[in-house]
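Letters A, B, C and D name the chains as they come in the text, with residue numbers starting at 1 for each one.
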């Protein structure tokens, strides 16, 4: 299903016909690159979609949760190895640390600040989270300086080469890790009591309150979970790329696009949306020109919104304010 | 219910301020314009203070234009800076590449922004609420990339726009745009056009069922906001002597102008302008006094102010005045759902 | 020429205000309306009753243009308006009040009425005639004191009166009312009856949905009965009260 | 659902809200703040952490005080490089004051003070900041910001107010092409950065090259310089990609470099992309003979974060760390290096060296003029010529320094070495870079 979708999307991306014929191999390489990087976008977007769908908030500080996760796992890794370099799989040990710390941060933020504007007009939540985002960004800058930090988790032989397609091991670890975190969250929401409470609050907060669900606590847990998965993604980003105080905004904007692709509040939608976005960007970079990657992405956002506002999996009605 | 008779009505302070505001708004606006026109003639010379005041007018225009769409019509745009950027580049390109005289290039900025808004509006105005906000953000972000890619806009290196009019001229250009826009918005909010916009904000389905072609009105408000924002963008280019995709489509301003409208109080004329002047001055002062820590302080000021003033300053004023109005005339506790017998208001007999 | 004068010409020319022929509307598998023919003649007060889910509000939606029917046609004073957009139908003099009372909560009561006035010049403040009409109507529904209050603050009953005044402000030829007596206390029901009779005396044809039998029987000239999307009966209040099929439909024996 | 509906019920509880409203109103009360009123600096409070006070006029410790004012990217995209300038400015000023201050040509000795604002790497802030420094703080001598986009509006303010501005951070040729007689730049223009690196590769017989350029002002002009140099050096450009600043992953572009097996990989971008390139070259097994990043590949943060992947990577610099120039303030280049190292525990790079050059340019100018009037100081700077830790300082008539770019390489055993041009070489370049298998 994804492949035809990509064909149509790539087609919709404009000048595919006009570019020099790339060998089929490199197109597959671009798709692989896209899926590997898209899984991280997806995990960040899942947290964003969860908060939007359940608590009804557009969290502009969501990217900062990912950024903080990156720093937490960087310092944890430094603590573990002492030198800042170590075997590739060791990074997985720091992921739970980032997830736990960010859960607490997310829960605390909701209880202390966000809860005061949860039922207000959407734009007030936008402003409060905007204030939060620049506050967290600057606090991190003052604390850790702006030097890019990167986790030195490496493999002796860094990548597999399967039939001419280069697959970096570290990215594969990140791919599996992000999908695992997404799956864990999904299972949690579907099976546990707290998970059902969260989905109930998403549908109808008043009704949930009537049947005895502590809506306040549930919303804070949701915020915590959303920050936790973003923190996990941050750990992988710090390993594959690097983390600086300013990287948050870019991932928040990408989450906007992904949530629209996948539908507001829908976790599977955000997962597919993330993978789709990664692939679209890498295909554009590979086939057309990397200068146009963001232009194609944002144009797709507007086109999709007009054609199918509910997104691919979304349940939200068109006029849901 | 405190005994309040018709004549000796005790008017709450909020009510007094508002009725004076509404009653003599034309006079007030004229006074406001004169008060702001005087400084450069008398004591203010070109430099920092003039720049700060000019920027206050600029942000007044941006906040008021956003409010036209977000506050009055209930369509929360998250991409108004797209009009600003289109305006800035239109004037910049016409003026430097095609040698068009600056005043004409400036006016073209407003016209181009209107055309851009009309085209974009066809797609975007069909959406509502969250979806509308994201679509407008998408339009803004796509415009940034487009300006980075095109040659004529100077790509990401931007365009140097030296040799423009003097600081004083810009002071009056931005002041004029602000005053004209305030007058237009003030006038429109008293006309059917203004009422219909508020009706669309409160219940677009009802407005449609009452015979209103809402698309026409939404597009009109959207393009009017685009005109003023584009004009401000056009003037800003030469004022700042340099534009590039980051400054022309400034993402920080994109949120600040909304904060100004909300903090000031949406759906009014004074609200966004009060918010713009107040927040911009606060930002300039915080930048100056706490250099290096200013963003942390700004972040907390935004959070505290939104929590304290969910309705914004002017909005809270109007809110209180309305609450008093309702009590005074024997209405039940506001919003109480039990159908209170409306007929037993003081002194007037229900017509049985 | 004011709307009212125009209205007299049309009614004297023998045009029937509202006619539906074979009106059918399906939502997926559910057939909400199945070939419904009704006629609302000039200066009549016609009632539309039927158990819950019989298609009453869907019929209103098809007439006002909120929905486009799958089959069948709708005529307004002889002109076909099937599929015409909701605001165009309203501009032709067919005004509707909703089951869930809808007013502009953020605007004052007076402004709610001013915006309902048939479109005058767009860019000029409402004319004094319009303002006087609005004051008169507020006086008439006894809400004059609350003119400057935001409609959202009013109680449910008061908001229903505001919506009614807004409908009158639009100077309709045909007024569709979805449960005018719904959710209001007994003392107001009598007032609502008077208001409907007053507006009907002023050459406005009324077509209303209502569950309160006494109310309907008391005010309607003729009544249609729907059940499961079909028209099962039509007649005067007296005929309807003794009609076997109607009783079965209501008592669920059918 | 408009806000008004939500708050319809009940009046506002006065007590808690009034308190918060008070805090919130601080922002709004700003209106009554200092609109109008010209002239002297209010000078209250210190600006930024630990900078010396900003009062001007009355000398407070016998000697008068000269205040240098400017802004720097203390936050925003280039905060990592902004820090290098701030630290070098501070150390240089502290050394000058400890040595008794500046003996100006007019016979007095002055203590140096600095007001350094944060422009958040945002070109829409620099005009207001510099106008405030001139009008409100009464500052006559301006330190330029970092990054070309922020420098352009700032230089316009300097020219409009007739105040000399010396900057060590804006390298775009546009800055010096506006006929502005008040701006002096200590960094060679961006298009010169890659030239000597390409010379080295061409001399070593490189035939094909790949250029990955970040889409920002500085990197784009560096890329333009590189394209014309590749052409004149007869090196064929087989990959020429531009990527948005926000791009974080370079795998796809590096894949193209791998497929074309280009001899030279030139990345025209900043530090965070240089780190990503170094790491992903290995995972995408790209092994060119030479890999060079134009900015940020030489400072310590880069080597710390990339570890062994950073080995063999080249970087251009306008400053020779080992060329021991005589320096009036620190004594010598090596003394300057240890001053930074002991003060802030990192090795300085050309940004730090340029920063001390900026302060010393002003110091020299003050020494040579007979009156401290801005115009006199500007004229002195125009024909100034001296050496300091940064090297020889002399400005061409358009205001920019002409300095030869050197090429450094991170070498496994010896660390950062100057490898080109041969006359200042610390050691031979390890060319070609060993493949990933042989490291």
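Some observations on this one:
Throughout what follows, a contact is a pair of C-beta atoms (placed from the backbone, for glycine too) under 8 Å apart; a residue touches a chain by one contact, two chains touch by 3 or more.
On a predicted model such as this, the values are computed, not experimentally measured, just so you know.
More C-beta pairs touch across the B-D interface than across any other pair of chains. Distances from each chain's CA mean to the overall CA mean are smallest for chain B.
The most distant chain from chain C, with centres taken as the mean of CA atoms, is D. Note on chain placement: the centre of chain A and the centre of chain D lie 33 Å apart, centres being C-alpha means.
Once the centre of each chain is set as its mean CA position, chain B and chain D turn out to be 37 Å apart. Separating the centre of chain C from that of chain D, both taken as means of CA atoms, is a distance of 72 Å. Averaged Cα coordinates give chain B a centre that lies 39 Å from the centre of chain C.
Those residues of chain A in touch with two or more other chains are numbered 120-121, 124, 137-138, 291, 294, 321. Multi-chain contact residues of chain C (touching two or more other chains): 105-106, 150, 152-153. Shared contact sites, meaning residues of chain B that touch two or more other chains, fall at 145, 148, 201-202, 267, 292, 295, 301, 307, 310, 323, 334-336. The touching residues of chain B, when paired with chain D in their complex, are 39, 43-45, 47-49, 51-53, 55, 74, 145, 148, 155-158, 160, 162, 201-202, 240-242, 244, 246-247, 250, 252-253, 263, 266-267, 274-275, 277-279, 281-282, 284-285, 287-292, 294-295, 301, 304-305, 307-311, 313, 315-316, 319-320, 323, 333-336.
Within the complex, the chain A residues that touch chain B are 52, 58, 60, 113, 116-117, 120-124, 126-128, 130-135, 137-139, 142, 249, 253, 256-257, 259-260, 264, 291-292, 294-295, 298-299, 301-302, 305-306, 309, 316, 318-321. The part of chain C that touches chain B in the complex is made up of residues 64, 66, 86-88, 90-91, 95-96, 98, 102-107, 111, 114-126, 140, 142-146, 148-150, 152-158, 161, 166, 170, 183-185, 187-188, 191. Across the interface of their complex, chain D is touched by residues 26, 29-30, 33, 36-37, 84-85, 119-121, 124, 137-138, 141, 145-150, 152, 154, 158-159, 161, 166, 168-171, 237, 240-242, 244-247, 250, 282, 285-286, 289-291, 293-294, 321 of chain A. The part of chain B that touches chain C in the complex is made up of residues 188, 190-193, 195-196, 198-199, 201-203, 205-214, 267, 322-323, 325-326, 329-332, 334-343, 345-346, 348, 350-352.
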